[in-house]
Each structure stands twice: as structure tokens, then as C-alpha cells.
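The following pair of complexes shares a single chain, chain A, combined with chain B in the former and chain C in the latter.
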Partner chain A sequence: MAVRQQSVPVAERTTSQVQRASRAGLAGLGASLQTIGIIALKELRTYFTSWMAYALIAVYLFIAGFIYWVVVGRMSHSLPLSPFFAELAIILMFIVPLLTMRLLAEEKSTGTVELLLTSPVTDWQVVLGKFFGVFGVHTVLVLLTAHFPIMLFKWGNVDKGIIWSSYLSLWLTGGIFLSIGLWASSLTDSQVVSGFLAFGVLLMLWLVNIFGFTMQNAFGEFCRHVSVLSHLEDMTSGVIDTKDLVYCVSVIGFFLFWAKQVLESRKWK
Partner chain B sequence: MSLGLLLIAVGLGWWFISGATYPPRWAYAVFAVGVLLLMAMASSKPELLRAMLPGRRQLKYGSNAFASIVLLFIALSFLNYLTTRYKHRFDLTKNRSNTLSPQTIKILREKVKGPLHITYYYAGGRGGGLPPEVQRLLRNYEGNSRHIRVEFVDVITNLQRAKQDGVFGGVTTILKYPKIPNAVDRLTAIPDESAITGSILKLTSNRKKRIYFMQGHGERSITGFDEEAMSSAKSALEKLNYKVESLPLLEKGSRLTREVDEKQEEKEHEHSHGEKKEEPQSSVIHGVDVLVIAGPRTDLNEDEDRIVRDYLDERGKLLLLLDPPETRLHHAMPRFQKLVTDYGGEILPGILATSIVALTAEGLRSIPEVGFRLQPNESSSHFILKGVPGACAFYGVLPMKRKATTEPGQTYTPLFQTSERMMAASLSAEGAIRVTGKEPRGPFDAAFAVEQSIVEETRKPRWRMVVVGDSDWASNRFILADANQALFTSIINWLSEEEAIIDIPAKPPVTNSFGTGAGADMNQILRTVLVVVIAVPLGVLVFGTMVWWQRR
Partner chain C sequence: MVEVEQLTKKYGEVTAIKDVSFRVERGDILGFLGPNGAGKTTTMRILTCFMAPTSGTARVGGYDIFKDSLEVRRLIGYLPEGVPLYRDMAVRKYLLYCAALRGVPRRGREDRVDEVMAKTHVDEFADKIIGKLSKGQRQRVGLAQAIVHDPPVLILDEPTASLDPAQTREARELIRTLGKDHTIILSTHILAEVSMVCNRVIIIDGGEVKAVDTPDNLSRQIRQSDVIQLRFKRAPSDAAQQLRKLKGVQRVQQQDGAFMVETSLDADLREELAAFAVNKGWGLLELRRMELSLEDAFIEITSGHVERIVAASSEARQEGGTD
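After this line comes the complex of A and B, so read on.
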């Protein structure tokens, strides 16, 4: 037996070990993704089996529809599409804290977070599962506004490139807002405080653009880059820039990481 | 303690917000008082400080968590910084309206070698503001060259700064290129890509192109401000960074007269001594990028004719504005006519006239009219015409046409052509325009451009010439009419081989419209309201209520 083992070349053994390890790694990743998917689906189901998601989506669609009507009802040749999509993002700023305030704060106030944290799931899986769940609600919300471009394509003459890039910007901006909402929800067990905190940070992230304009220095440059508005302006004009994409992914990643750290802190506090 | 922290925050915050390199003295004082207050609190109540500090385990894990958050922030900031430097843009708009043209990008890469500051002054406040398209355009320049820095300055809130740059209101774009002394350009309209790139090209060019207006034959003056002069045309060229001077060709004592005399003496010397030296430069007009002869009243003499021809043959660029004898009150000028004929065109007798119906003392009569507007030649894509947005106004034009035989390598392009109805009228003995009905009919060329490309066999150098059968259109009286100024600058840009200045096609703006005509019709608006404001939100609400009802 020992002889047979020695006869196996070292390289072959190493390869098989690597293959096993990678199979195990892939299996682990698959399991992890499955867990995240389960948590996300559970969150999504929670939203759509209660009246809250429907009420928020209906309010959003009503306000957005009203703005759309005002925009297309102008007796004018030129439709201001970029400001329209920026206004859709502003409405999101009010809706998102209401969507995210319960994500972790409710679990904390009801004590179910302890159950969640002691179950065989990692903090990352909890945070990502919650995020993707609420991101799914946001995606449904964005898809339900599809009748705006459909009507524009049917009755108007619009640059399709602007529509696609604006929708991408709306989707990603929603992702940023949701990650901040999730982070705010991880900080407190009060849903109201979480909602206000998220709204405050979102407002700050929006208005910081003013500093970017008034101050022509490195701080102003920094403010302009940090502001959501400056990135949104680019994308709603029909440009997809790698810097905007990296900004969106960075902000989402940063706040999710911070939320995970906050969640983890319950173990050592 | 709270007060101490507050003072520290105020001190630091003011420094950040002020944007100054060093904080003001009072910010130092506020910061110091804040630190002192904290130290006093720590020394007087150490138990309070101890109570505030977390336990060892919490401190360990807490600082780890804090450090990881800070590290991630730094890493992401660095990544974002890198993406602002090395980014890639995908312009999804139909006509790539958010992308700079390849010509501009080439100019930015090849010409801008040092810091270039673009400051856009605008009047903010109600009704004013910064147009987003200008903002995007200038940011695009900034993104395509690491040397370019763009600033947007509100004149109302930064009056002092605006005064320093001589801006007192309205939209002004100032471009500064400190690498070249006094390289400053100012654009006073909302800029487009063509204007900005042209300005950058001018600023970064080491040498100003020289445009010389020949004088001495009754040509139009470039210094006078009367209607006949061409000072406005001169100003337009100077704004494009050209150096404009007058050239007294053979006036006694002028530079050229001396050079002609010297050349004559040299030739006589060679002849008497039997020596034959190689002639370094046959033309005595050198250092002249474009020679303009605008509305001469007397003909060239033999020497001048030779000088002009030599100049043209030595890669010269000539703009010749000739008038019919009737409008400039001069006699026939055979040497100018021969010059035009030898270089590809032909001047016909008479004056271009169209007949208009007017009410006279004898009733409605058809009378000849010599002032008219002409559209640029639509069938030509000549560079000059790209810079001419519409019709140009002329007054008294020589009829011209292409010469029957053209030299090899010569390209003749009619810039303005008349219709077939236009006639070449003649003068009566009293000096009035006479129409007999037997005049030759159009189409005639009112202006043309000829270019001699390099011919491989002869290696003949290239020359360019533009002839316009009128000089009034470029005078102070007419230069601001229609697209006359654009035509003049476009001709000079082509002749001086500064094609990059305006050869950037203007992109049509992105227009998104709803409905037809001036907007949506009432039916479309009603259906829009019904769908987007009522049906869809109500549908979602009804669906939600049904789900809730089932699960309650």
C-alpha cells in the first residue's frame, strides 16, 4: 500500500489536492451563495407578502407618473429627460429609508437577530442576503416604470442611449441608497432612528455637490466626486463612465462592509 | 468636554472649507482652546475618562474593526482616484454628443504640453446658471488631458475674481496657457467644441500666422473705421490669433522696394561679372502666410506682378478681392485679370445683376439690382464652406468662371454660384447699369478657390488662391451681414492651412420630443395621465390589497 502511495508522482498528488481544494472551495462558494439567495428570497417574500412594498411602490409610481406627465405635457420640442431621471432618483431618496429601516433594526428590536447570528450563517451572508433581498424590491420598482420609456418610444422621438444609461444610473443609485439604508439599520434597533439616519446621510451625499461647485480646491473636487448627483448627471446624459461604475460599486461595498462590521460587533461587545 | 470637541471641530472644519493651504490664525486659536479644554477635563476628572474608555477586549476588536473600515475607505478612495485618471467612457447617445471629436483629442494630445486653465464665468442666480451641456463639454476636455483644469465661476458670488479677469457679466470663457507668455484667449458666447478647440490650438501654437493686406493700389484700409475700410475683418482675424499687418508693396522706401532693388542690383552684378549664384529664394515676399489684396483700384506694375506670382509659386497663399469697375470706380486692370486667368479662373466682363420688380414713377418696372445674397455652393464639400453657416451678402460682383483648360494638379472649386437667372449686365455711357435683355446669363461663379497640389513629376510646390468678385462683402459695411464674417475667417483659415480651427463638425444637439409638432397633443396627454398617474399606481395598490387580503 505504502509502495503504491509512493509510486504516485508528487505533481499528480499536488494537482489532485488542488482540484479537491478547489472543488471544496467552489462547493463552499456555491453553498454560501445559496445561503445568501435563501436569505434574499426570504426578505423579498417578506416585502411582497405585506402591504408595505406595494404601498411604497404605488406612491413612488404615482409621484413619478405625475412628474412624467408634467415633463411630457410641456408644449415644447425638447424633453428634459436628464432632470426627469434625476427627479426619479430624488423620490428614491425618500422611499429607500422606508424600505430599509426594518432590515436589521427590526431583527434587533424583536431579538431575532440573535437567532440569525447563532444559526450557521456568516455575517457577510446575512448582510448580502438582506441587501440583495431589498435590491430585488428596488429592481421590481424600476421595472414597473418601464411604461415611461415605452410610451416615449411609441409617441415620441427619444435617444434610446440616454434612456438605457439613465435606467442603469437609477438602478445603481438605488443600490447606493439601499446599502446606506442597510448600514443605518445595522446601527440601531429603532426603525425610526434608522430611517432618519439613512435619509440624513443620503441627503448629505446629494447636497455635498454644492461644496464641489463653491470651492475650487481639492476639498471641492473630493466633494464633487463623493456626491451622487455629479455621477448621476453624467449617466443621465447618455454616458457610462468607468469612474461612475466604480464609484457606485465602491459606495455599495463600503457601506455593506461597515454594516457587516457593526453586525459583527455584537459578538465582542 | 463637549465644548472642547466642538471647538476642535470648528477649527478643523473652517480650515477644510476655506480651502486655504494654511489655516487662519483664529482657527489655530479655536483649535488650541478646544485641546486645552479637553486636557483640563482629563486631568480634573480622570475617572470620567476611564469610564468612557471601552474594556480591553472591546478596544482590541473595536480598533480592529475601525482600522479595517478606514483601510477599506483608503483603498476604495485610491481606486476611485485611479479611475478618474484612467477612465473609459461609453457614449450611448445617437450622435455621440458627449464625446469629443478625434480632431480635438489629437490636438489635446499633441499640442497641450503644459497646464492649461479654462475658466467659465456665468451669471448664477434666478434665471441664470450653468448649462449642463457646457459643464459636460468642459469636463470632457479635462478628462481627456491631464494638463487641463476647468473652473466654473459664478460672476455674482465671485465678483472680485471676475473683475481680475476683466469679466463684468454674461458668459465668458477664459483660456490661459502659462507655458507661452501672454497666451490668453477669451470666448464671449456659450462655447461649443469647435470654439474651445480652436482657442486651444491658437494658444498652444508657437507662432502666430501672419496675414498681410497689400496697400498702395487704393486697396481697402485695415486701420480706418469708415464703411469702406476692413478694420472689422482685421479684428475678427486678430481674435483668431492671427497677426494682421499692412504690406505697402512697392511704395518708395518700403521693405519690399529695398529688397527688389537689392535683387535687381545682384542680378546686374552677376550679369556684369559673368557669375551665376544659386538663388536662395526667388520670392521677395517671405514670412507672409496669407497675402490679401482687397479691392485694388489701380493695376499692378510689372515688378509687383512678378513679386506676387513669385510669392504664389513659392507655396504662397493669396486672397484676391476684385470689384467690377462700376462699384470701385476704377479702370480695367489687365494684370490682375491675367493673374486670375493664369491661376485657374477667368474674369468675364460686366457686373452680376438680378432684376427685381419695383414701383417706379412709370409704374411697376423690372429694374436691375446688384446687391444680393448667395447661398454657398451646396454641391461642394470644400473646407471653406464648412465654416459658412448660411447665405452671404454681396454688393456688385464680377462674373467669373472656371478656365477652359486647367493645369495638372490644380483643383478649382466654385464657392458661390449664381442661378441661371443672374445676368452679366453692362454700364451705360452715363454710368448706370444697362439691361438690354441680351446679356449673358448664369450660372456664374461669384467666388472660387484654386489649389495647386504637389505634382510628382515637377515637384512643384503647392499654392492656394481664393478669388471673390467683390470686396464690399468684407468691408465694415457688410462684414456683419449674414454669414460674411464666417466666410472671411473660413477663407483665411483655409489659406493659412489652419484647417483644424474649424474643421470640427458641429454635432446636432440631442433633441428628445414627445408627440408631434410642438409637443404632445391633448389625446396623448390624457392617455398619459390615465396610464402613468392613475392606472399603474392604482393597479399596484389593488394587487397589494389582494395579496394582503388573502394572507390576513
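After this line comes the complex of A and C, so read on.
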């Protein structure tokens, strides 16, 4: 198409057409992102207008503080932080289902999903909006634990690279967990079922990871291979590999896509 | 404005609607009348692109519900059955969110929401949490969100269900007002509601369209006589025979201890009947004019004969006790 247009005599018009087309495309993309933003912001607000987000943050900070004290504080300030981050990831495993269980299940059980999906929005926009909304809560959670390593910056001597990469890893681990939680929430209209389903899947991921580095047989080898979390653990060593990042985003994309498919399937039931 | 062509929807084995076709012209207030399970909600969910039909198609404002689903949804304001709203949001915040989601530009969004709140009389509780509102108030918020993006078409699924009589009256008035600027499709299982609000009626039963008409024609078709229900404290055994002999009475039936007196249409015999019962000293306990229940209408429309089984359901009970 583009090649043929080049041979058209009035080249100026062609370029302006192309420009206009891309501008229309950009405007469309902008509007689409705006819709996702509107939904995400609404989700974020919903969390912070109920006691839920505050309670979870309080519990998270308390446990994180406790672990920090046990793992890091009692030892020399130069020890690696990875156990601290590993423990934080485990807490996420419990917190994420509590955050995500309501995302779609609640809308389905109260019927508000009908108003949401009969608004001029695509199912993708709904799923992405919900995801980024809860991802925002998670981001707040992660940022609030930042003072622990900052204390280490001040008083200990730790590799800053390790801290940053560990934080990135924690942030993305949460992203994967949340996408799984959102997917679980798309499957049912019961928040309890959705929460337990998400927790079950996360527990399995965790077990696979454990088997991966404790068993030395073929099964252990297999587990090492399929383990989602091991990619993230690699990151805590201070090296950020784009392969790991791509992998991580793909896993999130996979579960979000699945959630969108489930949401769409209502049409044909 | 809305063209529906041979819609069929099957849930597995269950056929919810079958070959439903109708048209709605601009400015119409169309009543979708049918008992529970008739397929009203299913049809509306298909029109609003929430679900896809098994076969058939529909267009709203010329746009196809499959191909231009987003355009169709821009043209529609929808109030689902049971008025599902986010209970933890305040009314104004919720309406602002709906307006944003449906593409009302940021500039002027606040004004638009204020305007809509005034129109639906929700401005008195604009900052209250939706979960704390009464049913009638919530219903009005439901209507407010349906019109917030000023859509040409409104689809309202049982908009007066489970309201008390006063709230029902208010809601109907509001819908009639909205009918001046919008094309409306509303579903109901109350016959009287249709004649109060709508200018066209579709009767649907068992997933099939049984009749399409104006409310006047429909009730003329249905109502060939009036029924008055009487209860006495001391009715003699031949009370029915005695009542039957009165002038204007066509027939008398006994049902659950009450007498159903059928009279010719427009011959209001309530005064005569009361006087008669008092004279005889039967101890008149109750006297009221019965409205036809929808089930009766169906029996008549679908079976075609005039004989009517008067169910002991009155308009008042239908309005109050559906929940």
C-alpha cells in the first residue's frame, strides 16, 4: 500500500493522508487509554474508600517490619537482602487474593458488570483498567516498604543495584500475582471462591519454585524449568535481564488475556 | 430508531426468546409487557450488546449490534433489572464516573451531572452513599446514570418493580417526562403501567411476541366488562342469585368467599351494589373495582375468548408486593 502510494504523483497529499491516519490512530489510542485510566482510577479509589486497603497495608507493613527486624536488623548490616524480599513476596501471596477477589466477582454478583459492559468500553479496557487499578494499590504497598532499605543505605553498606533490582522484582512479582487474581475473579461471581482459587494457584507456583531448588531429580529439573518465580529471583541478585522482564510481562499478559476471554464468553452462554 | 429482526436466544436447551421482531420509531415509548420469564430481560441484554443472540440481528440508530457495538452502546442509556449500582460510592461521584466512562467531555462534565441530578431529583442526596438510599431514591439514581450521556435511546428493564405505590407514581412521571426527549423501551409485567406510560405495547410470552398495538386498542380488546369484588359478613346462600338479578349485572362468581360481579363496561354499579347490600343487611365488608391482571390479558389474547378468569389480584397488590 505504502509502496504504491509513493508512485502516485501528488506525494504531498499522500504524506498528509498518512499523517492524518496516524493522528487518528493516536487519537483513538489516546481515547482508549483514557477509558482504561478512568476505570483504573475508579478501582483505586474504591480500595481507598473502604477499610480494606488500609487494613492490608497495615498488616503488610507490620509483617514486613517484623521480618526486617528478624532477617536484617539482627544480623550484620552488610548481609544480602534477598531473604527479606523473598519473605515480602510470600506475604504478597496472601495479600493479593484479598485484593483481587472482588475485582470482577463482586461486579458479577451485584449485577453492576451489566452497566459497565454496556457502556461504550471494550472488554480489554475493562480488564486492563481493573488490573492497573489494583496494580496501583500494590505499587503503594511496595513504595511504603521503601524505608527499610533506605535505612540500610544510611547505616549499612549494601549494593544499591541489588536493592533496586530486588524492588523491581518484588513489584513485578506482585504484577504476576495480581493478574492471576484478576483471572480467578473473572471465573466466578463468588468473591470467596475467587480468592481461594487465586491463593491456590499462587501456592502452586510457590511450591513449584521450592521443589525446583530443593529436589535434585528430574522432577526438580522440570520444576526449575517451569517456575515463574525463579525468573524473579534471578533479578534479586542485582542483574536485570531483559529476558526476565519480557517473560514477566508475558505471564501477566497471558492471564489478562485469559480473563478477557472469560469475560467475553458471557455473550455466547 | 431500533429495528429488531428475528432474534432468537437459547441458553443451552432453554429457548428464552424465539423469532422476536419489532421496530421502535423515534419518540416512541414502547412497553414490553410480559410475565416473569417471558424473555424481556434477554431481549434488552441483546439490544444493549451485553449478550449476543443465537440468531437474528438488531440495529439501533442504523448501527448493527454486532459490527458497531461501541456505537450502539453510545446511543443507549440502560437501566438493568434490579438497578445494580456501586453501593459504596456517593451519588455525584458515581454519576461523574458514568459520564466519564460514556465519553462526556471533561469540560462541562460537572455541569452535565448537575443538570441530570436536577432532572431526576437526586440532587437532594447528591453526596450520600448509594448503599444508604431508599429503593425509590436508588431507582432515580439508576435513571440519572442512564441519561447522563444524553443518549437518544433509553432501555429500562422493569423500572418500577419493587417500589411502593408513591415511588412508582413518581418513577412513572419521570419516565413520561424523559419520553419527551428520548426514545424509550421499558419492560413491565403490569398492564396498567403500560397504558399510563407507553404509546405502544408489545406483549411477549414464552419468548414469543403475541401482540403489538397501542395500549388503548389493547385494553379495548381485553376489557369488555368491569368486575367489582364484594365481601359480606352475612351473605345468604342465594346471594349470588340475588346479585345476578340486578340491572346491569352480567354474571356473578364466588371466589374465596368473595363475590366477583361482572358488569357491562362503563356501567359503574358500585353505588347500586352498596345500597343493595346495605338494604338487605348483609354486612358489607369490602367493595372494590378490580383491574385486570396481566395473566387474564394473556388468557384472552392468546386463547381469544371472552370468558375471563378473574384472579384475585388487584392493581394495588401488583404495585406493592413484587419483590
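Some observations on this one:
Note that in this section the second predicted complex is superposed on the first by the 234 of 269 C-alpha atoms of A that agree within 3 Å, B and C clash if a C-alpha of one lies under 4 Å from a C-alpha of the other, contacts with A are read in each partner's own complex, and residues count from 1 in each chain.
Note that a contact is a pair of C-beta atoms (placed from the backbone, for glycine too) under 8 Å apart; a residue touches a chain by one contact, two chains touch by 3 or more.
Here the structure is a predicted model, which means the values were calculated and not measured.
When the shared chain is aligned, chain B and chain C each come close enough to touch A:50.
When the two complexes are overlaid on their common chain A, residue A:39 makes contact with chain C while staying clear of chain B. In the superposed model, A:268 makes contact with both chain B and chain C. By the touch criterion defined above, A:115 reaches chain C but does not reach chain B. In the superposition on chain A, the chain among chain B and chain C reaching more residues of chain A is B. Taken together, the two complexes place residues 49-50, 268-269 of chain A in contact with chain B and also with chain C. Contacts from chain B toward chain A in the complex involve residues 16-17, 19, 57-58, 61-62, 65, 68-69, 72-73, 76, 79-80, 83-84, 87-94, 97-98, 132, 135-136, 151-153, 157, 510-515, 518-520, 524-525, 528-529, 531-533, 536-538, 540-541, 543-545, 547-548, 551. Across the interface of their complex, chain A is touched by residues 11, 45, 48-52, 70-71, 73-74, 76, 78, 80-82, 84-89, 97-98, 100-103, 145 of chain C.
By the touch criterion given at the top, residues 35, 38-39, 42, 46, 49-50, 110-122, 266-269 of chain A touch chain C in their complex.
By the touch criterion stated above, chain A contacts chain B in their complex at residues 48-51, 53-55, 57-59, 61-62, 64-66, 68-69, 72-79, 81-82, 144, 147-148, 151-152, 155-162, 164-165, 211, 213-220, 225, 233-234, 237-243, 246-247, 250, 253-254, 257-258, 261, 264-265, 268-269.
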